[in-house]
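Both complexes below contain subunit A, partnered by subunit B and then by subunit C.
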Partner chain A sequence: MEFIYYFGDVFSPLSFALLLGGTIGGLILGATPGLSPTMAVALLIPFTFQLEAVQGLILLGAAYTSTVAGGAVSAILLKIPGAPANIATTLDGHTMAKKGQGARALQLSFLASAVGGVFGVLLLIFLTPVLAQWALAFGPSHLFWLAILGVTVIGSLDSDSVVKGLLSGCIGLWLATIGFDDIMGAQRFIFHPSLGGGINIIAALIGLFAIPQVLTMFAKGRKTQGAEVIEVQKHSVGKAAGELVRNPRALTIGTITGSIIGLIPGVGGQIAGLVAYDQTKKFSPDQDKFGTGHPEGVIAAESANNAMVGPSLVPLLTLSIPGSPTAAVLLGGLLIHGIFPGTDLFDNHPDVAWTFINSMLIGQILMCIFGLYVAGLAARVAQVPQSVMAAVVLGLSVFGAYSVQSSMGDVYVMACLGVMMFFLERYGFSAAPLVLGLILGPIAEANFIQGSMIANASVGMGPYFLGGPLNIFLMVVVAASVAYSVWTELRTRKVQNAVEVQS
Partner chain B sequence: MSRTQHIIPSGIIFAVGCWIAWISYTQQPAEAFLFPRLISSVFVVLAAWTFGKALMGLSRVGTGVSRTMIINLVPGLVVALIYIFWAAKTFGFYTATTVAFFILLSLYDPAPHNEARTWVKRAVITAGFIAVMYGLFAMLLKVYTPREILF
Partner chain C sequence: MMKNWIAGAAVALMGLTGGAMAQDYPDRPLMMMVSYGAGGATDFQARIVTMTAGNEDALGMPIAIINKPGAGGRVGWNWFATQADADGYTLGAYNVPHFIAQSIKGGVQYSTDSFEPIANWGADPAVFVVAADSEFNSMDDVVAFAKENPGKLTFSGAGLFVGHHIAALQIEKAAGVKMAYIPTKGGGAAAMKAVIAGEVMGGVNNLSDAFRAQEAGNVKILGVADLERSTFLPDVPTMKEQGLDVDNSSVNFRGVMVPKGTPPEVIERLAATVPAMFENSRVAKKMKAGGSPMHIMTRDEVIEMWAAREQTLKELLAGL
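Let's look at the complex of A and B:
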């Protein structure tokens, strides 16, 4: 119950102002198609440089929470999901809006998001200290396998092709080795003086997430937005809250599904929303109504994608393993303030850890309150032309990359990685495993080197890295995640082949 | 998407993988390249698999790059690269951003180019964006940006 002692810190004037600003800004950014939560959080990192670590994290956490919820606005009113996590929301949300129930759909979505989000953060509060203590038992070999697990899980699950996903992870791991070696001081893969200090993570994150989006907008040419915003009529919030209470099935399934999926590294909000929608439909007596503007569809999808937010931070805060690209960006935000997640965070910086987590809890409630009132404005912002959006994101990206170390070298790295990622994405490669590789690479290498020193002085490399129940368990999980993804890919291909033959 | 479209990128990645492996296994001190050796070995195997699939015409994932996409992309990409690699450092961040923002906005704005009102609107949006950026970063957050010839 240590977290209770730090509740007051959230309400200090600057912290609360940042929480409010992050929440409202996040709702608007989330409603903007093309600005994913990961990209929004990455672009916000430069704003945190002048802040204390805890205040910076409050801003980033609030933005993360509310961008996921804000994505429902454009999903419902424009039929364009603000983020992949909101894909399932479009299925019934937009149909409700077309029937003149836009306000009802938005209210249900924000209320369900808040319930799911609060449950998810409570899970984060109660699971994190237990797992952080458990993490003390981890040695270098276990941490090495955990880092590899982080890359392989996201590589195999986040990509349409398992091999290309894993290859993206390898590219990230290789990029992480650029610069001077920590132990011998040897130069590795330094082809330009600006790479001497290695690849800066923040610049790389901005480049890998924001620049491909800018180039995608350019690639569409001089096109109009093509989506018409639906006007929101008035609807009583009390009625929507009553409807939510009368629909406990969708809310419970969505919240539990989202929380479980959030704990699995790499799975993400998109899958949480779709799985919750599918499960609610299966258990509902009104299966035929799904897809025709059924409120249960909106409740299930939105409670799931926000319930996922809290648990997705558990592996990050306990084991330093970011479970999602957004968690990886938050890790970058922690590292620039000299704070390392894991037991160090809870032992040496409990004020930072608990104030941040508490702010996410309060942020869920603020998101619900403001979401209901900002939705109309957010829908207008969502219609900002892509030409404006592309130019704004490019300007912010250059500024963000430069301001990390006041170095144009970081801007060049950002641009090169961004252009490379744009073309790689066209051929089925994915940014998420590459980012995880880049972030987890140093953790994997440090533990591999440390482990090999211990192994050479004791039992040898093989028994040290491949023996012991925890090592074997982690290897089995790595193999199982790859095997599952290969099986899913083969099954999908079989279905596609059958469809092609039929047509 | 044609087979060539898959062969070119997977071939480049395979070549990069081989080059990384070659450096990792030939450079000294060997201890510093222990981890890169491990990664590059896996990298080469996965890249060879992807390249082999592309050569056999079995690659299916990805949308590829179309001629229209390249035609749309090139003007914006060229402006962005000039802005990043030359103008920002030469003219100063805010001057270069103003010019690049206005050019990109004009290039991709679907509004007709032959109306004075459109150009005024673009100039106002550019001025508004730069004012917000300058106010927020230079005046409020006091973050240093390159200020060369202009500001």
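Let's look at the complex of A and C:
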């Protein structure tokens, strides 16, 4: 209960002003394509040089919280996921926006983000010591199985058929092998210098999601301009809140999956949203509605990716190990003020530690308030004529891809992947499984190689990868997930066959 | 009105192209390329040591940091060697032994001849760490175990052909033992996590990160791979003191360089100003607070250090 004593510090005039500034700034940065939470926090670090440690961290914490949520804005309205965390949000969110329900989608996403986010920070406050042990429990073999679990999701994610989903997943896995390999020192598929560092995930995301859309808009030409003006439906915040309460399943699954997965160092943030989305879909009676603008999809994805924020800081704050790229940047922000995370932080600088954590708690709520305020305005984006919209999205895409690491190479990569995806989409493939392959490939590969190196030097491959309760548990979950996919596929086939026979 | 505007643009353009004149150099902000991501140790230190560049007694112009991460630094250094303008406005941060080891192993477009060093700001030695509850209490224990169980002692480090890997090779060579080096993806932090979580029996890591982990009570530091003990860790003996012939080849030196072809008068100006800029007391305070050891070297000293490193690394990596 120690944290309550430090609530006052958050509300001192300068701190609160920074909190407000960080939240609003974070929402804007988050909504800008290409500026991931990691980038946004890194950009703000130089500003904290002049501030006290506590104030600097409040600014960074607020920015982290709200950029994660802000990513939903471009994901829903422009179909450009700002970071891997927002991929799942585009699936249903953008479809809703196209139907004129952008305001509703944004309201739901901010409310769900706030609920997930507050839960995540509360976990950070009350369960940090327990969670730290859990974060350490995942070694290479467990992370390998976890990545495989992610692969089993690929088939069922947003595709016409399991086969097409798996095929796009494979393309993603192949793309992930491009570049220098840090573990074996090998070079793979580097045909051009700009591929040396591999495919940058943010540039790939922008290319795969936004560019096909731009091309489709251009392909339609100007003739349909008048016919397609979408009526933006107004939606009250109260109604959105009610809807959230009526969908406890999506909210619960999203929040819990997000907080558990967010904890695992090196994996968490990127796949939390997608796994939560998939789980919610599997447990939902309206499976068919997912991908067609179903509010449950938005709720699950957004509650998961904000629930991950609090737990993702556990390894950093307790063990001084940054578990995610953003945590690594925050570590820099702490060090610059001479504060070492770990026991030192909580014992000798409790004012810094708790004020920082409290500010994230309040930041979640402020983020929600401002987010809801802009939701109504932002949804009008759908009224912009398509020809203008295409140009704007293309401009933002180029800007976003370039800004990740100030490299034109990333822009070329984005453009190539975008054109490729445009044609793949025509044949019923979709971008989400491809991206999941791109994210999971390196995790599975690196952990398998590392694990096998350790295994060969110690107990041997068999016991290392197949033994131990956590390995066995994860394997059972993998088997269950595969079995479930096979079962649904067979069932739908039976239904289809029956329909065909009747007709 | 329009004419004025065009004239102004023309003047600005001339300023851009003719800016390398030594007298008025620098007359616009500089940029420094860091080949690791924002928030990493190199980036973090680069931002601190360049924060006083705008002062009148330094360059009088600010330095902006541009990150070009990827492939263990190769992406950034490839760009710097082949595409960066050699006009004195594009600086780069180097990490030794990383870029030298990479150029020896091949597959990159740079070598020590592609760059002109300006000054060195930091030196972060590699240390050998074990988990706090490990049975090892000195390098002797580690070597004894490795002798009894050849190839069985697993220890982590941040990737191949980086300081950690060099230190690992040197320790194995000095002790005459075979151990299992496990390179991690995700840098020193992932390697440290593997040690703390008990996935590996030990690890090579940065002194600054290990110091922090020891303060947090998570690891024990058994030895420093440097010529002298560190001021941060006065109680931890060097490898040499423990009978292992390991020099400072694995120490991660960080500093500033420019591409080959930069005008000599510009190099001269930078080489005279930059070391003094690093000596600024504000810089020293921030570096110390972050647990980052400083080690300022002039251009001539760095040229010598690069040559010596290249020699040692060629011998060490010849067997791989």
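By our rule, the second predicted complex is superposed on the first by the 268 of 503 C-alpha atoms of A that agree within 3 Å, B and C clash if a C-alpha of one lies under 4 Å from a C-alpha of the other, contacts with A are read in each partner's own complex, and residues count from 1 in each chain.
Convention: a contact is a pair of C-beta atoms (placed from the backbone, for glycine too) under 8 Å apart; a residue touches a chain by one contact, two chains touch by 3 or more.
For clarity, every value in this text was computed on a predicted model and none was experimentally measured.
Once the two complexes are laid over each other on the shared chain, residue contacts for A:R188 go to subunit B alone; subunit C is not touched. When the shared chain is aligned, subunit C comes close enough to touch A:A457, but subunit B does not.
When the shared chain is aligned, subunit C comes close enough to touch A:P325, but subunit B does not. In the superposed model, A:G196 lies in contact with subunit C only, and not with subunit B. Contact with subunit C, but none with subunit B, is seen for A:F340 once the two complexes are overlaid on the shared chain.
Annotation: subunit A residues 46, 49, 183-184, 406 touch subunit B in one complex and subunit C in the other.
Residues 5-6, 9-10, 13, 17, 20, 23, 27-29, 31-36, 38-40, 42-43, 46-47, 49-50, 53, 59-65, 68-69, 71-73, 75-77, 80-81, 83-85, 88-89, 93, 97, 100-101, 104-105, 107-110, 125, 129, 133, 137, 141-146 of subunit B are the ones touching subunit A in the complex.
Interface of subunit C with subunit A (complex): residues 37-40, 43-44, 47-48, 51, 66-72, 74-75, 78-79, 82, 105, 107, 109, 151-154, 159-161, 180, 182-186, 189-190, 192-194, 196-197, 199-200, 212-213, 215-218, 286, 288-292. On subunit A, the positions that touch subunit B within their shared complex are 46-47, 49-50, 159-161, 163-164, 166-167, 170-171, 173-174, 177, 181, 183-184, 186, 188-189, 214-215, 217-224, 385-388, 390-392, 394-396, 398-399, 402-403, 406, 408, 411-412, 415, 419, 423-429, 444-445, 448-449, 452, 493. Considering their complex, residues 38-39, 41-43, 45-46, 49, 136-137, 139-140, 179-180, 182-185, 187, 193, 196-198, 200, 265-266, 315, 319-323, 325, 328-332, 335-338, 340-344, 405-407, 442, 446, 450, 453-454, 456-458 of subunit A touch subunit C.
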